[in-house]
Every structure is written in structure tokens, then in C-alpha cells.
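For reference, the structures are reproduced in the following blocks.
In the two complexes that follow, subunit A is the common piece, with subunit B as its partner first and subunit C second.
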Partner chain A sequence: MISNYIGFYALSFGLIISVLIIIKSIFFLKKNNEDKSKNFFSLLSSQFTLIIISFFSLIYSFVNSDFSNNTVFNHSHTTKPLFYKISGTWGNHEGSLLLWLLVLTFFILIFFLKSRNLKLSYRVFTIFFQQIIIFGFILFIIFTSNPFGILYPIPEQGLGLNPILQDPLLAIHPPILYIGYVGTSIIFSSSLAALVTRSMNQVWAKHIKKWIFASWIFLTLGIMLGSIWAYYELGWGGFWFWDPVENVSLMPWFCLTALIHTISVLEKRNMLQSWTFMLSIMTFSLSMSGTFLVRSGILNSIHTFANDPSRGLFILVFLFVLILLSIFIFFTYYENIKIRKIQFLFISKETSILLNNWFLMYFLSVVLIGTVYPIFLEAFTNEKISVGEPFYQKLITPFMVPFLILMALAPNIKWIKNKIEKLNIKILTLFIINLFLSFYIVKLTNTKYLFATLLITSAFFLFLISLRDVLNTNSLMSQRISHFAFSIFILSILFNSIFTKEFNSNMSVGDEMKFFNGTIKFLKINIYEENNYQNIKGTFKFKNSRNNNIYFEPEIRIYNQPNISTSEADIKTNLFTDNILNFNLINDKEYFSVRYQYKPLMFWVWISTFFIAFGGALTFIRKK
Partner chain B sequence: MIKKKFNLILIIFIFSFIFLGLFLGLKKESYYVPKNFNTKKVINLKSKEFFSRKEIKLYDILKNDNLTIINIWASWCLPCREEHKYILALSKESNINLVGLNYKDKFSNAKKFIKKYGDPYDIILADTDGTNSIELGAYGVPETFVIENKKKKILKKYIGPLNKISFNEIKKIIKDENK
Partner chain C sequence: MKINKYFLILILFFLSQFTFVYGANKAELVDEISKNLRCLICQGQSIYDSNSDFAESMKILILRKISEGKNKKEIYEFLKSKYGDWIVYEPTFNKHTYFLWLLPLILFIFGGILILKKTLKVK
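Showing the complex of A and B:
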């Protein structure tokens, strides 16, 4: 009970400090007093402390199952394991916003400490813009999604956490993703500040690059964790469904990836300032729109937490205020960017990075249209459509081919000007051999995939060239590892989709079914009573053509709080293949629908994504 | 200079359009109701009368009138308070059976709730352990079922609190049934 008040008042004081910082920074910028940065530090750190107090009092309420708290009541239950009580804190709308806020205040503090070597006016401007965001967020939390709402009379029991969210992966997926999202807010504020204070130069690029990399790494890992969760928990046998909520995290990722490349052009050659600026604005706006789409209930998805239109309206207005603010600043201070007349040469690193950006922007717009168009269509015409995998596949795959080839060749092009060497016979023969090999693979497996031959060729090409680069050079290791990992990623996805097999049937205990490469026998079911659910465990024997036996034990869980049944697939993962079996109730615990799937190289999809992010992380290690 | 202004206006125009689209999208109802739900026959629930705690079967209630509306509510449920005015308005309709299913509630709290906000129900059933609601196929509180008495068929179900649109829809169903 008391923790409710502590949390709420800490949050409110955080709001007051936010206002204080905004006022102080305005005064400061008018007078331009150079030696009062200490006050900012104390204000920022006390704000951060207050938000921590607020966040921990919510955790405290969750751990003690204090049902006088509205959020705890709606999302927790006394029988829930302690781990999920804690992770339940951010597994809901209100708590997750508090986590957003916590990361926001933490990051601005870190930013302030880490930017000592830069102009003070630039630092204060960044704090100013960041505080506007923080201010908006605290207002949003207090007025539309207060996590400390008090219930009276106090209910005896809570409603429970949605069981499909009771998963260790989901406990860490949101925080990691949020760190990525919130990191983009620093990029946003600091590029606005840099434009206003005329400090968008090479020094700035070097400094902001770390933030860009950090956000990118966390965003990559966050997306990966979400997709691993979808694969293991939902048990549909896929890892990416082009679900609007997934797309929403992918869009800022495209932007950040473009930014990673562009910022090095700014760092090395002092050009592309306005493009960098726009990318920074876009990245943050897309992260915010992600929050908008997920939180407002405009989409129907697992992620939609609550359908409260007033929340959606608030974020929408807030988002557009920020966008209009940045457009206004861009047009007012546009002259601050010194446009150097530099000729772009056709074959140079700059040009290739610009090309990379165009491709990424194209992918981004495909995903953007696929996600937003159905919403618009429904809003204006009441017509409902759903955009699925074929749309993305048809629009993205043709452009993947030149993209991959460019990705293989471009890292070795030099800055400013690259001599066009004689046609590199080695690379050309490599490409042609690849082409024949891929053609053979496609023919053999009877793939009917758009541009299959060319796609496999270019992916292999990237694989071989980047492998050579990884082995040969010591410099730019991070970039080479990421590119190499990306080639493995693409290859794994390709072969995964080519070689996947699936078998569906209705079975009861004792049945045996034959299909393309083996037999499945349904041995037995056992029913257990667990702490907060009933567990129906089936045992299946799978015998493949090589007489290897695999035993599967998929489960159906019928939760009591709330009453939902979930199907837990049994996934046997090894280095090269995944075998998945799940079953579902049809009626009366006698007949079940059984689904077996054979999926190669799933492990490599995860491990390569991890190494893509790891490559990014190397930039931090290398400098020290 | 003219070009700059033109760009600015163009960008602001585009963003206003996006804003409008998203704003309109927000206003759409996004409650999901299963499509082939209305083919289901309601089962003969065994429940207890709220005040007397006597056993009562749902089919006995269905004997009177043409239509039965079951509204699942609880005193601790905030959206239930919100929709209560619609339930009160429905109680003025004739030829219907308005059944309140009190979900996982304390007797004293539930009584306070009725006293404070009014009792619209013809009969209240006590679902103390929540099993009745599960057997009905409810997802949460509040939820409202419209049942045709003769065929014992569920005509419509509303997940979440009733609003103006769903209220008018229910009124229309009542009107059509009583023709």
C-alpha cells in the first residue's frame, strides 16, 4: 500500500525536476555561463534516482502481491513463481512505460558524463531536448497509464499474467529492445542540438557513433530475442511472421543500420550532414511510432496490451509534436550546415555507402507501407486487408541480389577515389562458379522461389568474399565479422525455407502414421497438476529413414489464472536441424491434431544474428 | 527561399495526412469476436442464486421470455462500473431476462456495488470460483452474452465493457426477436 504512494510521488517529483531542468537550460543558454555544469549533474542524477525509486516500488508491489495496486492486480497472482512476479513488472503496459522512462533518464545521465570534451552549449541543448521527451513520457504515464492506481476494496487475488508471456526470454526481451529504442532518443536529441549549435562535424560524429552502435547492438539483440521467443513459445515453426509489431521493431533497425554506415562518412570525410540529421530524426520517430502502434491498440496482436484510445491519442500527438519540432529546427538552422562542394566519384566508399543507404531506405519503405497501409485503408474506407509474407518476399528479394553483391564488394573500396583495376578475374570466376552451383542446387531441390538461383549465388558470393576478408585483415574486424555473419544469416534463412518439411494429422493415443521420411507413433499421454496449470504431456516416437529414434514430449498447458490453454512444442535442436512436434486438443482429451516439422539450420539463424551484433560490439573493444 | 517554403509546406502536409490516418485508425473498435461463435449452443450451467445461495440451472431461467442476456460482472472490475449505465438501460426493456453472473467476488462487496450503482438484474448468479464463466466460454470480466431462449443459442457475445454501439446492437436484437 505504502509503496504505491512512494512510487507515485517519486514519479511526480521526477516530473518537477524535468521542468526545472528545462527552465534552467533555457536560462543557461541565454546567458551562456560556462562553469555551471555541476548543477546539471545533480539535477539529472536526482531525477534518475527518483525514477529508480518509483520503478523499484512497483517491483516491490509485484513481489509482495500487493493487490491494492491496480497494475499488480491486473497482471499478477499469488501462485506465480517469483521470477515471473518480477518480470511481470515490465510485462504490462504501465510497467513497461516506467521501464522506458528509467532507461531514458539513465541514458541522459550517461550522456552528460561521457560528453565532457564537447561544447557545453551542445551538451545543454541535448539535455534540453531529451528533457522534453522525458517530460512528455512522465505526463503520459501519470495521466493515461498510472502504474500506481489504487484499488479499494482490496481484492484477494490477482488476475494473473498471460501465460504465453510467462517465459524467461520474454523477461529479458523487452528491456533489451527498450535500451535500443531509447538509445535512439539520445541520437535524436543530440543531432538536434548539434544542428542548433553548429557542431555537426567530425568530432561530433566520432562521439555520437558510440551511441548509434550501442542502440543498434541492443536493437539487433532485442529483435533476435523476440523472434527466438516466437519460435520456441508459439511453436508455429516460424521465426518471423511479418506481424505489424515485429515490423515496427525492424523499421528503426533499417534506419540505424543506414546511420551506422553514414556516420562513418561524416566522421572520415565530413560530409552528408543533413542526411545524417534526417536519419537520426527518422530513427527516433520510427521507434516512437513503434510504441504508438503497439500501445494504442490500433493493431490486433499478442503485443497489444490495452485498448485505451486516450493513450494512443496522447502518444500520437506527442510524436507529431516532436516531428514538427525537428522539422522546424531543420528548416530554421539549415544554414548551419556548411555545404562543401565535393564531387562524388562513382567508385568510392562514399558512393557505395550512399547506395547501401538507398537499398536500406527501400526495404524500410516496403515494410512501412506493408505495416501502415492496412491501417490507413481501414481508417478511410473501412476495408480490411492483411499484408503477409508474399508481399514482402516479392518486393524485397529482387533487391536483395544487388544488395548482397554490393555488400561483398564495397568494404574493399577506398575512400575518395578507387582506381578501377583490371577486371578482377578471380572474383569473376568465383561468381560464375557460384552461379552454376546455385543453379544446380535450385534444380535439384525443385525450388520455386523468386530469383532463387541469383539469390543463392549472391549470398554465397558474399559468404566467400567476406570469409576471405575476415581471414585476411586485421583492420575493421567489426565490420567484416558483421558482414560475414550476415551472409550466414541469409544463407541459413534461404536453405531453411528451401528444405523445410511439414506433416499434419489427427491422431489419438496408439496411432501410427507413415509419411515422407519416417513414421510417428503416438505412445501415451500423462496429465499432471502443476502449480498454476494443468499439464497434458504427450509422448511420441519418431523414426526416420535412417532408423534413428527421436522421442518427443510436447505439452498442452491449461492455465487456471486466467483460463487459457497453450501448446508447448517440443523442439529438438541440434547444430544443423531442428525437429519440432506439437499437438493440440481437438476434443475431450482423446483426439489431438499433431504437427511435425523438419527445419534445417535454425541454430545458424540465431548464432549469425548474434554475431552480427557482436561485430558491432567489437567497435567498443577495439578502441581500448 | 520559395523552394524552401514549398518543401516545408509539403512536408507538413504529408505529416498531417499521416496524423489524420492514424487518428482515424485509433477510433476504430478493435475488439475481436470469434466469427463462428454464434453457432454454439449454451450449456446447462449449474450455479447458485446470489442471495439465497440455492442451486439453480440455467435452462430453468431460459424458460421465461424470448431472450436472455447474461452479463458477467464483479465489484472489483472497473470497466463494469463504466458499462453499468447500459445494463441499467437494458433492464427497462420488456420480454428479456437479464442475468448477472457475479464473477469471483466477495458477497459483501458485490452487495455494496448493487446498492451504490443500482441492481438491473432479474436474477443474479454467484460464480464464486469462476468456473461458470469458463464453461460459458468467457475471456474475462466484463462480458455479455445474448441468448435465444428456445434454441438455447448464443446470438452474440461482447468482450469487454458495453458501449453505445454494442448497446444499440443489443436493442436491435431485442426488437427483432419480439416482432
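Showing the complex of A and C:
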């Protein structure tokens, strides 16, 4: 009970401090008083402390199952294990926003401490813009999504957490993803500040690069964790469904990836300032609108767990204000950017980075249009359409071929200019050998498309060239590892989709089924009563063509609170293949529907994504 | 010229090697079609992936249509007329979706022109 009040008042004081900082920074910037930066530190750190207090009091309410708290009542239950009581804090709309806010205040504090070598006016402007965001967020939380709503009389029992969210991965997936999202807010504020204070130069690029990389690493890992969760929890054997909520996390990722490349042009050559600025604004807007799209409930998605139009409207208006503000600032201070009339030579690293951005922006536009178009179409014409995998495949995959080839060749092009060497016979031969190799792979597996050949060829091409680069060079290791890992990522996905096999059947206990590479026998079921669910565990024996036995023990969990059943697939992972088996209840029937899937290289999809991010992390370790 | 000849041979070789696989059996066709259909009563699941009553009866319906000799396109058209465009994951290309399909490509071309302008400027 008392923790409700503590949490709420801490949050409200956080709002007051936000106003104080905004006023203070305006006064400061008018007088340009250089030695009062200490006050900012104490204000920022006390704001951070208040939000921590607020956040922990919510955790405290969850841990103690304090059902006088509205959020706890709606999303928790006494029989839930402690771990999920804690992670349930951010497994819901209100709590997850509080986590957003916590990261926001933490980041601006870190920013302030880590930017000492830069102009004070630039730092204060960044704080100013960041506090506008923080101010908006606290208002949003207090007025539309207060996590500390009080219920009276106090209910005996809570409503429970959606069982598919009761998962260890889902406990860490949102915080990691949010760190990535919120990191983009610093990039946003700092770009605005840099433009206003004329400090958009090489020094700034070097400094903001770290934030770009950090956000990108967390976003990459966050998306990966979400996919892993979808892969094993939803039990369909896929890991990416082009679901709107997944798309929404992918969009800022495209932007950040473009930014990672562009910022190095600014750092090394002092060019592309306005493009960098626009990318920064776009990245943050996409992170914000992601929150808008997910929270507003206008998306039809498995992830949408809060439907409230007023929330969506608030975020939409807020986002609109921020975008208008940045457009206004861009046009007012445009002259602060020194436009250097420099020729881009067609074959140079600068141009190759522009080409990289070109493709990434195209991928972004496909995903963005594919995600929001149906919403607008329905609003204006009442036509309801679905935009799913076939759309994205048709528009994205053909462009992957030149993209991958470019990705292989471009890293070795030099800055400013590069002479066109005589057509490199080695590389050409390599490419042709690849073509043959891929062609036979495609032919052997009876894949129908000529296109698959080209795609595999270019992926192999990237693989070999980037492997050579990883082995041969000491410099730019981070970039080379990321590119190399990306080639493995693409190859794994391709081979996974080509070689995946599935078998579906209805079976009851004792049945035996033969299919493409073995037999499955349904041995038995056992029913256990767990703390907050009933567990139906099936045992299946799978015998493959080489007479190896695999025992699968998939589960069906029937949760008591709320009453939902989930199917837990049993996934046997090894280095090269995943064998998955899951089974489901069929209404009013004696038998179960059983699904066996053979999925090669899944492990490599995950490990390569990890190494893509790891490559980025190397930039923090290696310093000259 | 030598290189051209070489490539021509290569291309001919590829074309000669391609045999297209047709006539997948009925069950495979049901799977293929149901993967591209939305389960209308589920949240973000395809009919293939769902075990709901709706999905099960749709699979039976699709199988019946195949047995009647309908091809993929006819089945999609039939379902669209019955349940609306919402049911297919691949949006149809019509007056409602011109922008959906073409806008990304237009943006791509536009971006390409911008880059060309920037790089091919004469000093």
C-alpha cells in the first residue's frame, strides 16, 4: 500500500525536477555561465534516484503481491514464481514505460558524465532536449498509464500474467531492447544540440559514435532475444513472422545500421552532416512510433497486450511535436552546417557508404510501408488487407543480391578515391566458382527458383571475401567480424528455409507414424499438477533413418490464472540441426495434433547474430 | 569478346539444367496454400500453424477445392470473395495497393538518382 504512494510521489518529483532542469538550462544558455555544470549533475542524479525509487517500489509491490496496486492486480498472481513476479514488473504496459523512463534518466546522466571534453553549451542543450522527452514521458505515464493506481477494496487475488510471457528470455528481452531504443533518444537530443551549437564536426562524430554503437548492439541483441523466444515459445518453428511488432523493432535497426556507416564518413571526412542529422531524427522517431504502434492497439498482433486509444493519441501528438521541433531546428540552424563542396568520386568509400544507406533505406521503406499501409487503408477506405511474408520476400530478397555483393567488396575500397584496378581475375573466378557451387546445391534440393542460386552465390561470395578479410587484416576487426557474421547469418537462413522439413499428423497414445526420414511413436502422456498450471507431458520416440533414437517430451500447459493453455515444444538442438516436436490439444477430441520439424542450422542463425553484435562491441575494446 | 562467349555458354548451361518441379501432391499443396492464409479467429497465426476449429475446417475446405480440380489462384480468389482480402498474407495488386507495392520501388529509384547526382557531378 505504502509503496504505491512512494512510487507515485517519486515519479511526480521526477517530473518537477525535469521542469527545473529545463528552466535552468534555458537560463544557463542565455547567460552562458561556464562554471555551474555541477548543479546539473546533482539535478540529473537526483532525478535518476527518484525514478529508481519509483521503479523499485513497483517491483516491491509485485514481489509482495500487493493487490491494492492496480497494475499488480492486473498482471500478477500469488502462485506465480518469484522470478516472474519480478519480471512481470516490465511485462506489462505501465511497468514497461517506467522501465523506459528509468533508462532515459540513466542515459542522460551517463551522457553528462561522459561528455566532459565537449563544449558545455552543447552538453546543456542535449540535456535540455532530453529533458523535454523525459518530461513528456512522465506526463504520459502519470496521465494515461499510471502504474500506481490504487484499488479499494483490496482484491484477494490477481489476474495473473499471460503464460506465454512467463519465460526467462522474455524477462530480459524487453530491458535489452529498451536500452537500444532509449539510446536513440540520446542520439536525437545530441544531434539537435550539435546543430544548434555548431558542433556537428569530427570531434562530435567520434563522441556520438559510441552511443550509436551501444544502441545498435543492444537493439540487435534485443531483436535476437525476441526471435529466440518466438522460436521456442510459439512453437511454430519459425523465428520471424513479419509481425507488425517485430517490424517495429527492425525499422530503427535499419536506421541505426545506416547511421553506423554514415557517422564514420562524418568522422573521417567531415561530410554528410545533414544526412547524419536526418538519420538521427528518423531513428528516434521510429523507436517512438514503435511504442505508439504497439501500445495503441491498432495493430493486430500476438504481442499487443494493451489496447487503449488515448495512449496512442498521446504518443502520436508527442511524437508529432518532437518531429516538428526537429524540423524547425533543422531549418533555423541549417546554416551552422558547413557545406563543403567536395566531389564524391564514384569509386570511393564515401560513395560505397552512400550505396549502403541507399539499400538500407529501401529495406526500411518496405518494412515501414508494409506495416503502416494497411492501417491507413483501413482508416480511409474500410478495406482490410494483410501484408505478410510473401510481400516482404518479393520486395526485399531480390535486393539482397547486389547488397551482399556490395557488402563484400566495399570494405576494401579506400577513402576519397580508389583507382579501378584491372578487373580482378581472382575475385571474378571466385564468384563464378560460387555460382556453380550454389547452383548445384539448389538443383540437388529441388528448389524451383533460379533466384535462390543468385542469392546463395552472393551470400557465399560475401562469406569467402569477408573470411579472407577477417584472417588477413588487423585493422577494422569489428567491421570485418560483423560483415563475416552477417554472411553466416544469411547463409544459415537460406539453407534453413531450403532444408526445413515438417510432418504433421493427428495421433493418440500408442500410435506410430512413418514419414520422410523416420518414424515417430507416441509412447505415453503424464499429467502433473504444478504450482500455477497443469502440465500434460507427452513422450515420443523418434527413430531416424540411421536408427538413432531421440526421445521428445513436449508439454501442454494449462494455466489456472488466466486460463490459457500453451504448447511447449521440445527442441533438441545440436550444432547443425534442430529437431522440434510439439503437440496440441484438439477441442473435444481424443487425439492430439502432433508436429515434427527438422530445421537445420538454427544454432548458426543465433550465433551469427550474436557475432554481428559482438563485432560492434569490439569498437569499445580496441582503442588506439 | 571471349568473355562474352564464355558467359553465354554459362547462361545456356544454367537454363538447360533447370527442370521445374510441378505436381506436388495434394497434402503439400494444402500446406503451401494454408501457410499464406491468415487464421481469422487467431492472433497473428496462419491457418497452417493453427489448430483452431476454424483453421482445421479451412484445411478441409482447401483440400476439397483441390480435389474439385481448382488451382491455387482459384482457391485464393474463392477465399477472398468469401472472407475478404484480409485472409491472404500476400496483398493483391489492385487499385487499393498500388502504393503499397510501388512506393518502396519509387523511393529506391529516387534515392538512386540522388546518389548519382552527388557522385557524377562535374567539377
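Just so it is clear, the second predicted complex is superposed on the first by the 618 of 624 C-alpha atoms of A that agree within 3 Å, B and C clash if a C-alpha of one lies under 4 Å from a C-alpha of the other, contacts with A are read in each partner's own complex, and residues count from 1 in each chain.
We adopt the following convention: a contact is a pair of C-beta atoms (placed from the backbone, for glycine too) under 8 Å apart; a residue touches a chain by one contact, two chains touch by 3 or more.
Because the structure is predicted, anything quoted here is derived from the model rather than measured.
When the shared chain is aligned, subunit B comes close enough to touch A:312, but subunit C does not. Legend: residue contacts after superposition of the two complexes on their common chain; A:153 is shown touching subunit B, with no touch to subunit C.
Applying the stated contact rule after C-alpha superposition, one finds that A:391 touches subunit C and leaves subunit B untouched. Contact with subunit C, but none with subunit B, is seen for A:593 once the two complexes are overlaid on the shared chain.
In the superposition on chain A, A:379 makes contact with subunit B only, while subunit C stays out of contact range. Applying the stated contact rule after C-alpha superposition, one finds that A:327 touches subunit B and leaves subunit C untouched.
Of the two partners subunit B and subunit C, more residues of subunit A are touched by C. In the overlay built on the shared chain, the residue A:610 is in contact with neither subunit B nor subunit C. The intersection of subunit A residues touching subunit B with those touching subunit C, taken from the two complexes, comprises 300. Across the interface of their complex, subunit A is touched by residues 10, 14, 17-18, 20-21, 31, 36, 38, 43-46, 49, 51, 53, 56, 84-92, 96-97, 99-101, 103-105, 107-108, 111-112, 115, 118-121, 123 of subunit C. In the complex of the two chains, the subunit A residues touching subunit C come out as 236, 241, 243, 300-302, 343-346, 351, 354-355, 358, 361-362, 365-366, 369-370, 373, 377, 381, 383-391, 394-395, 399, 432, 435, 439, 443, 446, 448, 450, 453, 502, 504, 584-587, 593. Put simply, subunit A touches subunit B in their complex at residues 70, 73, 151, 153, 155-157, 159, 292, 296-300, 304, 307, 309, 312-313, 316, 320, 323-324, 327, 331, 334, 372, 375-376, 378-380, 562-563. On the subunit B side of its complex with subunit A, the touching residues are 4, 7-8, 11-12, 15, 18-19, 21-28, 30-32, 75-76, 78, 104, 106, 109, 130, 134, 139-140, 160.
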